[in-house]
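Next up, some structures in C-alpha cells.
Both of the next two complexes hold chain A, though its partner changes from chain B to chain C.
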Partner chain A sequence: MSWPARVVSTELRKIIAYRSDFWVNFLGQTLIQLFIARALWQSIFESNGTGVIGGFTLGQMTLYYLLAPLTMKILMGENIGFLSREIYDGGLNRYLVWPLPPLGYKLLTYLTYSTFYIAQLGLLYTLGRFLLDERPYELSEFLRLVLGMGYLFVAAAGYFCMMCLCELVAFWADNTWTLGVMLRFVAAFLGGAFLPLTFFPEAIRDVIQYLPFAAFVSGPVNLILGRSTPLEAMQSFLVMLVWLPILGLSVRALWKRGNLQYTGVGM
Partner chain B sequence: MRYLRLYLHFLRFSFSRAMEFRLDFFFKIIMDCMFYVVNLGFYKILFLTTPMLAGWSEDQTMVFVASYLLVDALHMTVFASNMWWLPYYVNRGDLDSYLTRPVSTLFFVSLRDFAANSFVNLLIALAIFVYALSELQTPYTPGQLVFYLGCVLNGWLLHYVLQMVFIIPVFWTQSGKGFNDFFFSMTMAIERPDLVYRGVLRWLLTLVLPFALIVSFPARLFFGPTTPHLFLHLAFVTLGAWGFMLWFWKKGLRAYSSASS
Partner chain C sequence: MIDVKNLSKTFKVSTKEPGLMGSLRGLVKRKYITKAALNNVTLKVQQGEMVGLIGANGAGKTTLVKILAGIIHPTEGEVSVLGFNPWDRNDQLRRQMALIMGQKAQLWYDLPALDSYMLLKEIYQIPDALYQQQIEFLADVLQIKDQLKVQVRKLSLGERMKVELMGALLHRPNVVYLDEPTIGLDLMAQKAVRKFLKDYQREFKPIILLTSHYMEDIKELCPRVVLIKSGGLIYDGALATIQKQFGERKKLILTLEENLTALPEFPPELGHLEMSENKLSLTTSRTQLNGAMDILLKKFQPQDVTIQDPPIEEVIEAFLQKGPQ
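After this line comes the complex of A and B, so read on.
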C-alpha cells in the first residue's frame, strides 16, 4: 500500500473511532441547525406574505440551510490547531524526519476528513431532496451533485491553505487558534453560510465575487441546488482556481521562513 | 466570604497570566469583535428583506441582538475557558486534584479561569447594548430596564447550566467533542427570537433544552406586554435546569474513574 493510501485509511479509522461523537455530530448538529434556520425563514416568509424571497421558495431555502453547515464542516476538515499545536509542543519533529513531505501529509489528512464529510453531504442532500422538493428527480440533478462535490473538494484545499496561513503563525506567536476562529467567521459570513449572498447589498457582492470566499459555500451549494447557471458556477470556481496557487505559494513561503525559526523543543 | 476571597485570587492569577501572552490577548479581543460584527451584519442584512421579525421591529431586534452579545461576553469572561478545559480534566484524570481540595469542586472547575481579554469585549458588548437601547423606539421605564437586565443575567446563568449539562456526559463518553459541538450548534437557538419556533421545536427549546429562554424571553418581557405566565415559565424552567444540572454533576462525579477514564 502506498503512503497516501495508508494515511487515508488511518485517518478514516480515527474519524469513526468515537462513534457517539460521530452520530451526535452527523444527525444532531446538522438537523438542529436546519430546523432553527427553517423556523426563522418560515416566519419571514409568513410576515412578508410571499412565496418567494430573493429567488428562494421556503423549500429551496431549507435545502440551502441543509447544505450550508455541512459545507462549512467539509471546509474545516480537521480541527483548528492541526498544525499550530504540533509547532507549539515540538511534535513537528516527527514530520521533519519522516520520508514524506510534511505539508503534503497534512493536506492529505485534512482532505480525508473533508472527503468523509462530502460523502455525508451527498447522502443527506439526496434524502432532503426527496423529502423537501416535490419535483421529479432528474439525471441533471445527480450530475450537479457530483460536480458540486468535486467543487467542494477543491474549495476544501483552498480553505486548507488559508488555515495553514493562520496555523503557521504559531512559529512566531504562542497561541494562534483565535486566527482560525476568525477565518471561520469571515469564511462563513462572506461565503454565504449564514445568509445566501443574493441578500447582500450589491456593493458588497461586487467585492465578494473577486474573493475566494464565495467558492466556499455559495458557489458549490448554488451549483448543487441548480440555482446558478454552469457559467456562474464556473466563474466562482475560476476565482478559486486563481486564488489557489497564490495561497499555496504563500503557505510554502511562510513554511520555509517558519522552519528557520523552529527550535524543535516545544515552547 | 471564603469563596469570594478565593475568587479574587482567581482574578489576580488570570489577569497576570493574560498579560504574559499579549499577542494572544489582542487576537482574542479581535476575534470576539468579529463575532459581534458578523451577528450585527446578519440582522442588518436580514432586515433589508423584511420589515418585521417575529413581531419585532429592527430597533427591537437590535436590542435583542445586543443582549445576546452581552450574555455571550459575560459567558466568555467568566465561564467559557473553564468549560473548555473541563472535559480534558475528566479524560486525563486531572480532576483528582480538584476533588481533594477543601472547596466545592463545581465552584473551582467553573470559575478558576477568568478571561481577561473577554472582559475588554464585555465592555464593547455593553457599549453596543447601550447604543441599541438609545435607538429603541419602544418606551420603557428605568424599573423595566432593571428588571430586563436581571432577566438577562438569569439567562447568562442558564447558559452556563446548559453548557454544563452538555459537558457532564464526558464522564461516561470519554470524549466531550460530540456533545460540545452539539452545544455550540444549539447556541444558534439563543440568537433567534423564540416566537419563530413552533410545534415540537418550540417545546424542545423552551422546556427541555431552554436555549430560547436565555435572551428571547427577557426581551419579550421587556418589549411588553408583560405577561406573568412568561415570567413564571422563565423562573420555573431556570430552577428546574439548575436542579437537574446539580443532580447530573453528582451522578457524573460518581461515575468518574480517575486517571485515564
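After this line comes the complex of A and C, so read on.
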C-alpha cells in the first residue's frame, strides 16, 4: 500500500473511531438542520399562500436545505483552523520531518473527510428524494447526483486552497482563527448556502459568476436537484477549474515564504 | 556525520508593555526585539556518537535541534547532516532521521499505536521484513507488546513515551534527535527509557543528540556533552572533564552515636561544617579532605563515614556560571 492510500485508510479509521460521535455526526446534525429548514419554509410557504417560491416547491426547497449544509460540511473537511493551530503550537513539526510533502499530506487528509461527507450526501439525498419529492425517480437523477458528487470533490480541493491561504497567515500573525470564520461565512453566503443565489440581485449574481464561490454550494446542488442542466453547471465548474491553479500556486508561494518565518514554538 | 559551522539564528520577537494600556498600544504599534538564539556555533558529531546538549531554558539547545532537523532556517552558517543540508528537506535525509519530542505527541491519540505504525511504515517506505523485525525488537525491549493495540490516549504517560519512541525508531534512523525524552516520567519509566536508549545505541550505532533537564539522562547516556549558554557553545567534551574541573568539592558525612547539641570547633579555612541530629557534614575541597578528616576523626568516633561527590546538577551549574577554566 502506498502512503497516500495508507493516509486515507488511517483517516477513515479516525472517523469511525468513536461510535456515538459517528452516528450523531452522520445523522443527528443533518436531521436537526433539515427539521429547522422544513419548519421555517413551511410557514413561509403557508403565509405566502403560494406553491412555488423562487422557482422552488416546498419539497425542493427542503431538499435544497438538506444539500446546502451538507456541501458546507464537505468543504469544512476535517476541521477549520487545523493548519494555523499547528503553526501556532508547533504541531507542524511532525509533518516537516516526515519524508513527504506536508501540504500534500494535509490535502489528502482533508479530501478523505470530504469524500466521506460526499458519500453521506449521496446517501441522505437519495433517502430524502424518495421521502420529500413525490415525482417518479428517473435514471438521469442518479447520473446528476454522481456528477454533482464529482463536482463537489473538485470544489472541496478549491476550498482547501482558499482555507490554506487564510491559515498560512499564521506564520506571520499567530492567531488567524477569525480569518477562517470569515472565509466560511463568505463561502456559505456567496455560495448560496444561506439563500439560493436565484434570490440575489442580478448585479451581484453577475459578479459572483466569475468567483469560485458558486461552485461550493449553488453549482453542485442545483445540478443534483435538476434545477440546472449539466451544461449550465459546467459554467461554475469551469470557473472553479480556472481558479484552482491560481489558488494552488498562491498557497505554494505563501507556504514557501511562511516556512522562512516558522519558529516551531511549543517544541 | 553532523557538521555545523558558524551557525547563528536570530528571532524577531514582539514585546508589549504590561497592563491594559500596554495591550491597547500593542493594537496599534508593536515593538520588536531581536533575540540571538544561537551565536556562531561550530560542532561535529561522528556516526555512533551520543551527545548531550545541556543549557538553561532559552539557551538555544532546542533551536539547534530544530535547525538540524530542518524545521527552521538558520540566519547564518552551514550545516551538513549525513551530507545533506537539512532545510532542503531532502526525503533521503528525512528517511534516515527521527525527532522525538517529549512534550509533543507524534502518534494519533484516537488510534492504537499499531495503526499509526502502519502509516509510518508507508511514509518511511520500510520493507515488510524490517518492519516486522523492528516491531518485535522494539516492543520486546521496551516491554510494550500488550499496549500496541490500545488507543494511545488511554495509555499512561510512560507507556505513551515508549510507543512514541518505538514509532520514531521504526525506520531504524541513522540520526536521532531526542528532546526531553524522559520529561514527566516517573523514576521507573525514566530508567526503562534510558536503558532502552543505551541498548538501541549499542545495537544500531546511530548519532543521538539528546537534550534533557534530567542530568541523570545525560550522565548515564552521554560520554560527550555540549554546553550552550546564551546561544553560544561554551564547552564541547567529556562530561568527566567537567566533573573533574568543577566537581572538586567533596562532602564528608560522619554518622555519630548520639545527637549533637553544638558544632565542634573547626578551622573555617578547611571547609564548611553543618550538623543535623547525629550527622555532621563537611563540605571541603578535594585537596583539603584528608587534613579535615584527620581533625574530625580525632574528635569523634563515628559509627559511619561517607564521602560524596557533588551532584552532577551542581557541577554543571557551576560550570555554566563560571565558564571553562
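Convention: the second predicted complex is superposed on the first by the 265 of 267 C-alpha atoms of A that agree within 3 Å, B and C clash if a C-alpha of one lies under 4 Å from a C-alpha of the other, contacts with A are read in each partner's own complex, and residues count from 1 in each chain.
Keep in mind that, in the parts below, a residue touches a chain if its C-beta (ideal position, glycine included) is under 8 Å from a C-beta of that chain, and two chains touch if they have at least 3 such contacts.
Note that the coordinates shown come from a computational prediction; the quantities given were computed from them, not determined experimentally.
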Contact breadth on chain A, by residue count: chain C or chain B: B
Touching partner for A:Gly91 - first (chain B), second (chain C), both, neither: second
Contacts of A:Asn175 with chain B and chain C, given as first, second, both or neither: first
First (chain B), second (chain C), both or neither touched by A:Tyr137: neither
Chain B versus chain C as contact partner of A:Phe200, first or second or both or neither: first
Chain B versus chain C as contact partner of A:Lys14, first or second or both or neither: second
Touched partner set for A:Arg6, first chain B, second chain C, both or neither: second
First, second, both or neither for A:Thr263, with chain B first and chain C second: second
First (chain B), second (chain C), both or neither touched by A:Pro99: second
Set of chain A residues, in rising order, touched by both chain B and chain C: 18
Chain C residues touching chain A - in the complex, by the definition given at the top: 11, 62, 66, 69-73, 89, 91-92, 94-95, 97-99, 101, 103-104, 106, 108, 110-111, 115-116, 118-119, 121-125, 151, 179
Sites on chain B touched by chain A in the complex: 21, 23-24, 27-28, 30-31, 34-35, 38, 41-42, 45-46, 48-54, 173-175, 177-179, 181-182, 185-186, 188-189, 192-193, 195-198, 201
Residues on chain A engaged by chain B in the complex (per definition of touch): 18, 20-25, 28-29, 32-33, 35-36, 39-40, 42-44, 47-48, 53-54, 69, 173-176, 178-179, 181-182, 185-186, 188-189, 194-195, 199-201
Chain C contact footprint on chain A (complex, rising order): 1-3, 5-7, 10, 13-14, 17-18, 90-91, 93-94, 96-100, 259-260, 262-264, 266-267
